Amino acid sequence: MNKFTIPAIGFAALALAEPAFAQEAAEAAAEAVDPASVVSGGTAYILNTLLFMIGGFLVMWMAAGFAMLEAGLVRSKNVSMQCLKNIGLYSTAGIMFWVTGYNLMYTDVASWIGTFGPYAMQGVGEADLDTGYSVASDWFFQMVFCATTASIVSGTIAERVKIWPFLIFVVVLTGFIYPITGSWEWGAGWLDQRGFSDFAGSTLVHSVGGWAALAGALIIGPRLGRYADGKVNVFPGSSIPLATLGTFILWLGWFGFNGASQLAMGTITDVSDVSKIFVNTNMAAAAGVVVAIAMTQLLYKKIDITMALNGALAGLVAITAEPLTPSVPMALLIGGIGGAIVVFAVPMLDKLKIDDVVGAIPVHLLAGIWGTMIVPLTNSDATYGVQALGVVSIGAFAFAASAVVWFALKLTIGVRPTEEIEMGGMDHAEVGVEAYPEFARA
Amino acid sequence: MNKFTIPAIGFAALALAEPAFAQEAAEAAAEAVDPASVVSGGTAYILNTLLFMIGGFLVMWMAAGFAMLEAGLVRSKNVSMQCLKNIGLYSTAGIMFWVTGYNLMYTDVASWIGTFGPYAMQGVGEADLDTGYSVASDWFFQMVFCATTASIVSGTIAERVKIWPFLIFVVVLTGFIYPITGSWEWGAGWLDQRGFSDFAGSTLVHSVGGWAALAGALIIGPRLGRYADGKVNVFPGSSIPLATLGTFILWLGWFGFNGASQLAMGTITDVSDVSKIFVNTNMAAAAGVVVAIAMTQLLYKKIDITMALNGALAGLVAITAEPLTPSVPMALLIGGIGGAIVVFAVPMLDKLKIDDVVGAIPVHLLAGIWGTMIVPLTNSDATYGVQALGVVSIGAFAFAASAVVWFALKLTIGVRPTEEIEMGGMDHAEVGVEAYPEFARA
Amino acid sequence: MNKFTIPAIGFAALALAEPAFAQEAAEAAAEAVDPASVVSGGTAYILNTLLFMIGGFLVMWMAAGFAMLEAGLVRSKNVSMQCLKNIGLYSTAGIMFWVTGYNLMYTDVASWIGTFGPYAMQGVGEADLDTGYSVASDWFFQMVFCATTASIVSGTIAERVKIWPFLIFVVVLTGFIYPITGSWEWGAGWLDQRGFSDFAGSTLVHSVGGWAALAGALIIGPRLGRYADGKVNVFPGSSIPLATLGTFILWLGWFGFNGASQLAMGTITDVSDVSKIFVNTNMAAAAGVVVAIAMTQLLYKKIDITMALNGALAGLVAITAEPLTPSVPMALLIGGIGGAIVVFAVPMLDKLKIDDVVGAIPVHLLAGIWGTMIVPLTNSDATYGVQALGVVSIGAFAFAASAVVWFALKLTIGVRPTEEIEMGGMDHAEVGVEAYPEFARA
Amino acid sequence: MKLIIAIIKPFKLDEVREALSEVGVQGMTAVEAKGFGRQKGQTEVYRGAEYATNMVPKIRIETVVSDDLAPRVVETIAAAANTESIGDGKIFTLDVGAALRIRTGETDETAL
Amino acid sequence: MKLIIAIIKPFKLDEVREALSEVGVQGMTAVEAKGFGRQKGQTEVYRGAEYATNMVPKIRIETVVSDDLAPRVVETIAAAANTESIGDGKIFTLDVGAALRIRTGETDETAL
Amino acid sequence: MKLIIAIIKPFKLDEVREALSEVGVQGMTAVEAKGFGRQKGQTEVYRGAEYATNMVPKIRIETVVSDDLAPRVVETIAAAANTESIGDGKIFTLDVGAALRIRTGETDETAL
């Protein structure tokens, strides 16, 4: 032990003493690998990589969270389909992010787009010391973020989209749309150069998913009979405990989502900041729940559990743009307002006849915008102007690109099943396997 | 940062080379002063913090475990409510532990209580080197323990308590009752000074939750018709697979609960002890299951899965007071007797007309007492007398304080819904959302 | 790499630069603990142990995955029983692996078997520096692998085996059969000396479980009415969302299963390889899903979600024999063919009147053989001949030994319930607790 | 013989069943049902949207009894199922031409 | 009084219920059912094995009405439930001897 | 026409359905039910407390057939549903006044 040379970590520690933003990771880590201290560099490399791996498997787990949340909120005649879409989209996203996604997003990004082609994964025993972490671990971590974006879409447009057009949309979203907007910021593209700040992706991940979902909802239209003869017809979800389980899974996964977005834990400062991010993330979610509970009680005299679940997620999405700099009261405020957004926006969407089965638009799009716009309140490196620029530019591209794809699908292979099939449920027509074959429907 | 005196942590490394008990953590880390090495100190700091974060998210996950276990063991007409209570209590606990909990439990504890007021969370890039870990990670880890205590209560008094009185109780439990008794031991208060030993909280967490649940069960009374005309009426749980899932989630979370209670992994000794804790924790749970299976077979000629699930949890609670020092056979014994306690205590409670919906009193209170009292068998630092003192004093306070709150709620806003509402189910009356709206009831 | 100065790490890095097999861990790690660098040695020890603990709890979580997958794929009248079997087998495996398993598999393995008797777990504060990791963490990690083998069996022979014969079989499988075949390879026995290569256990874990399941299926026979009057009668699973959840849990756990089988993360090389393993593991599963989706669409015009779920697992099993050396395209190929195997093999088994309730034989046995046989394609250290030798020798022993046990059980206490009990469901007869007592069956 | 169909509130099933056994009814069959009548179901709010649950959960029981027992049975059900609140339900009586016990082949009254 | 039993397609329940209210039917009871008739159910494939779902989900509704209202009711249901596609279902009419409203003790027509 | 109501053991449904098709029954409707009769249900233990499951799961099938076919149908069901063990169930026959096929408007015998 005593053989050990002091400067190394102290130095690395200082090097990362300021919050590291995605695009800074490379440089930051590079500094960390101070030639003066290979060992500490080695340890830092290992710990940074470990952070990506732990964060990565936690975010991967969120795919199960979306699956359960959605399986619980759709009607039982579409539950098998929803499960199929979720495991299908996660698989598709993983492949597409390798085929084109990662390079478009991160490799030699020329201001607004990276390089085309599959990612050359590291070989056995290879380690790129300049990065300060294993590139494979980074790839894995970025891939699960990409998959999250696709998961968001499946919920909004559930119960009325055929499997193939859905999967094709996922191919384009995860292989092109998400990586392109991602490159603008995390790929160190033009938005990053303007100083846009989105720590873990309120805009880059959640809003992009939300915009894609909104475009889909508008172009595909509501479920049959949802807004029949002027009134909103309610289609209650088939299993509240599954929806609750899904929400808890997502909450758990979010510690990886936000925490590992610190991108390094090889210094005292970094690991301390990751801890702080855990706290703020949890606080924002808690506030989202409490606000949603209080508001539904006041507005409707009953507490709608599905709103409380959405409230947790809205709080999480809201804090995602900046989970590090807020104090605890600020985190509560940011998350709480996220919860309020859900309670107001869900019925509002119904008024607009936008049929969002699981509330993904309020949760991911609206709370994502809120979270991104409020960053400057706690992080002086960000400005409202640039935040707005990011929200608008990314939103415009994500929405437009998604709309084009949905339209193309609508005009070609068609997106919706026949009315009869939709009435009978997609499980029957496309999966051939009922979700609960033995249970009588009341 | 600049105050960073190298010596500090390296010594912590050595200081923590002996098994660290909860209450010792502070001093241990404090003593830490070896003019030897920073880097190992830095690495130790990172690893200790990482342990808290991993342990923390695993214990957070237990909130989902309680939610699923309880959702599976209540009748379907109360499942949405149970889900709501569980996400509500976890959120409330997180906020209250910041508002008052942490400081009452850990800050300048004057023998039986700490300081009043919100906890000042660490700022960006801040790191308190004297502790040897990030205080935010410690706060997070302690918070999820606090939430666990509240989760225990919701199960026992399920199906007959309105949402608001329940949440108010949770506010008091997590903001005051749990932190106060906690301060006596983990806050280095009077019990700790007497040498009480409760490694991960068989008494401080599980029994306290169990006492609060028992007070509630007695004051609130059983569910309508549960003990009608002299005989015990059975209300079978609505979903065994959900109850099973919840139990597996809790089992998984317990590796964080007990393992990370080692409070350090920055030395070879600490990490080795954490590993040993994993093994003993798993062994105790396994023994609890096997004993419950064998006993229900012998007593009832059938194997009641719900008893097997409770058996696993009882084994886990029993080993929690001392998961490190027992040998494997001892761990099996401690956990196995935990399982036996459940099989005997569950029907006993029915005889006493104490209606414990999920068996939380046998599992958390009784097995918690058993685990605490048996510590001296494997840990010579503990004495039966002091263990008894701790069990009794903490039990007395937790029970009395809880009883006061339940009474106050009963006399003011009232705790139970009307008979008609209870018959019809809380989901209908207070949540407004059925858990399984589409499924016919047989 | 070679630029890498500090001897200690560099040395370890090289030592583990090639895929590490169980038996090599000791030496490898020993080298890692180069006296020239206590610190890096200490840190490496901690990180290696941490890898085992994280991997261990992730694989433990797979027990819940199997429980949910199976609970979802059996009929509701047997769901409680399936839950009971799964928590019972995990508990039994944990105890038996201590009683005899670990020593038979790893202690002084004399070519084809180790030493008999319980494992002497490390004491408090003990650490064996020669291994380079805490032996308790290794024990825990190996134990959950053993339990996985038993989980595989429960699925195939579900709905028609009494609880006690099943648990007795698990005792023999986890206490003797699995450890003995395991000793041949991971215990550094004769197969290892021949150069057999099975990184994380496609053969040692999955095929062995599959062989045990096949022996059971053949000797026990199909469920009543499954193949009545010449045609295959379909018994759809009771809950697709539970089956989906189970699959996602298994997928998550597999990162621990394959990743931690690198057995070390104390060097830059090791941790980088673990990252690469994460990527390949995910890719193989994704390919398995996509292939199963495409094939069922083509063959049956509908996409059978249960095949997609099996496809994911088959992809995971296939890559398990060698998750490190394949390039991404190779991982996709290996996993994709795994998915194809499932789609073809499931109906094939029906033709052979082999009743495999959850598809464990195609997934674990056949995909396991495929994965093992294809290792030489990406890993030049392996040869097709020796791979075949391993597959056949281990298969022969596992199948024969399992068959003997099943026969013995059949002739003594009997394995199946009466026809009437089987018709009425095992929950009723042996558990006494219905899984969904409130829900009407359609 | 008469077929007596009664629609009752779900939580009344046990009481009705016990009451019927006491007056000597040998068997009955119950089915989960939903109904509407005077009692119209309530309006709920789900995710901010109001909706009416038009039909209320009920249990539909039917029992075939001998002509002479029929009146007693109707009274008994009426007494046991009555909560004096809306939605208590209805009892209908129909003629049954023949009855058969599958197990034994016994017919009519002896089959009940 | 007549007992009118109708087997209809599940998604037609609301329309039928509303139509019945309009013609003055005071109450009805619905039950989840499965049936077969001309419409035979389809063959599905589960894990590679074909199987026929012989019975199709239906809703069975019953309502007791006065003799004079009965024809209207039958027409109304027939009109509301008709989709001109196979599986639309059947309507059966039976005589009812007596009716009783549990809550009030009112009998026959007044009980409906 | 006759309405034939049969309460049978759940696992006998398929056999009964096939048997009925063979004797020319064109359609039938089945409902999930619970019943009690001679077969009383068993006592279970849940978490250490004994309880009686008073009612046993059954399937209630009904089919309307022409008067002349009715006896065959009753025999057929009785034969197919018989397990010679308690709980096999009952078959009841009632008169049907009218029948209508919703899709076509065909009535009575032609509607079956």
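Going by the order they are written in, the chains are A, B, C, D, E and F; count residues from 1 in each one.
Note that in this section a contact is a pair of C-beta atoms (placed from the backbone, for glycine too) under 8 Å apart; a residue touches a chain by one contact, two chains touch by 3 or more.
Computed from a predicted structure; not experimentally measured.
Undergrad: For chain D and chain F, which third chains touch each of them?
TA: Neighbours common to chain D and chain F are B, E.
Undergrad: On the document's contact criterion, could you list the chains that touch chain D and likewise touch chain E?
TA: A, F
Undergrad: Would you mind working out whether chain B and chain C touch using mostly the same residue numbers, over half shared, or mostly different ones?
TA: Counting shared over all numbers used gives less than one half: different.
Undergrad: Which of A-E, A-D or B-D has the same interface as B-F, meaning more than half of the contact pairs match by residue number?
TA: Of the listed pairs A-E, A-D or B-D, the one copying the B-F interface is A-D.
Undergrad: When the centre of a chain is set as the mean of its C-alpha atoms, what distance in Å lies between chain A and chain C?
TA: 31
Undergrad: Centre to centre, by mean C-alpha position, how many angstrom separate chain C and chain F?
TA: Distance between chain centres, rounded to whole Å: 47 Å.
Undergrad: I'd like the Å distance between the centres of chain E and chain F, where a centre is the mean of that chain's Cα atoms.
TA: Going by mean C-alpha positions, chain E sits 18 Å from chain F.
Undergrad: What are the residues of chain D that contact at least two other chains?
TA: Within chain D, residues 31-32, 34, 44-46, 57, 94-95 contact more than one other chain.
Undergrad: What are the residues of chain A that contact at least two other chains?
TA: Within chain A, residues 1, 4, 39, 43, 50, 54, 236, 239, 245, 300, 302, 304, 306, 432-433, 436, 439-442 contact more than one other chain.
Undergrad: Could you list each pair of chains that touch, in label order?
TA: A-B, A-C, A-D, A-E, B-C, B-D, B-F, C-E, C-F, D-E, D-F, E-F
Undergrad: Contact residues on chain F for chain B in the complex?
TA: 32, 34, 44-51, 57
Undergrad: Once bound in the complex, which stretches of chain F touch chain E?
TA: Touch list, chain F to chain E: 3, 14, 17, 26-32, 64, 94-103, 105, 111-112.
Undergrad: For a test of understanding, state which residues of chain B touch chain D in their complex under the given definition.
TA: By the definition above, chain B touches chain D via 423, 432-433, 440-442.
Undergrad: Please name which positions on chain F make contact with chain C in the complex.
TA: The contact residues of chain F facing chain C are 10-11, 32, 44-46, 57.
Undergrad: What part of chain A is in contact with chain C in the complex they form?
TA: Residues 1, 3-4, 38-39, 42-43, 45-46, 49-50, 52-54, 56-57, 60-61, 63-64, 67-68, 71-72, 79-80, 83-84, 86-88, 90-92, 94-95, 98, 118-119, 121-127, 129, 134-137, 139-140, 143, 163, 167, 239, 242, 245, 429-441.
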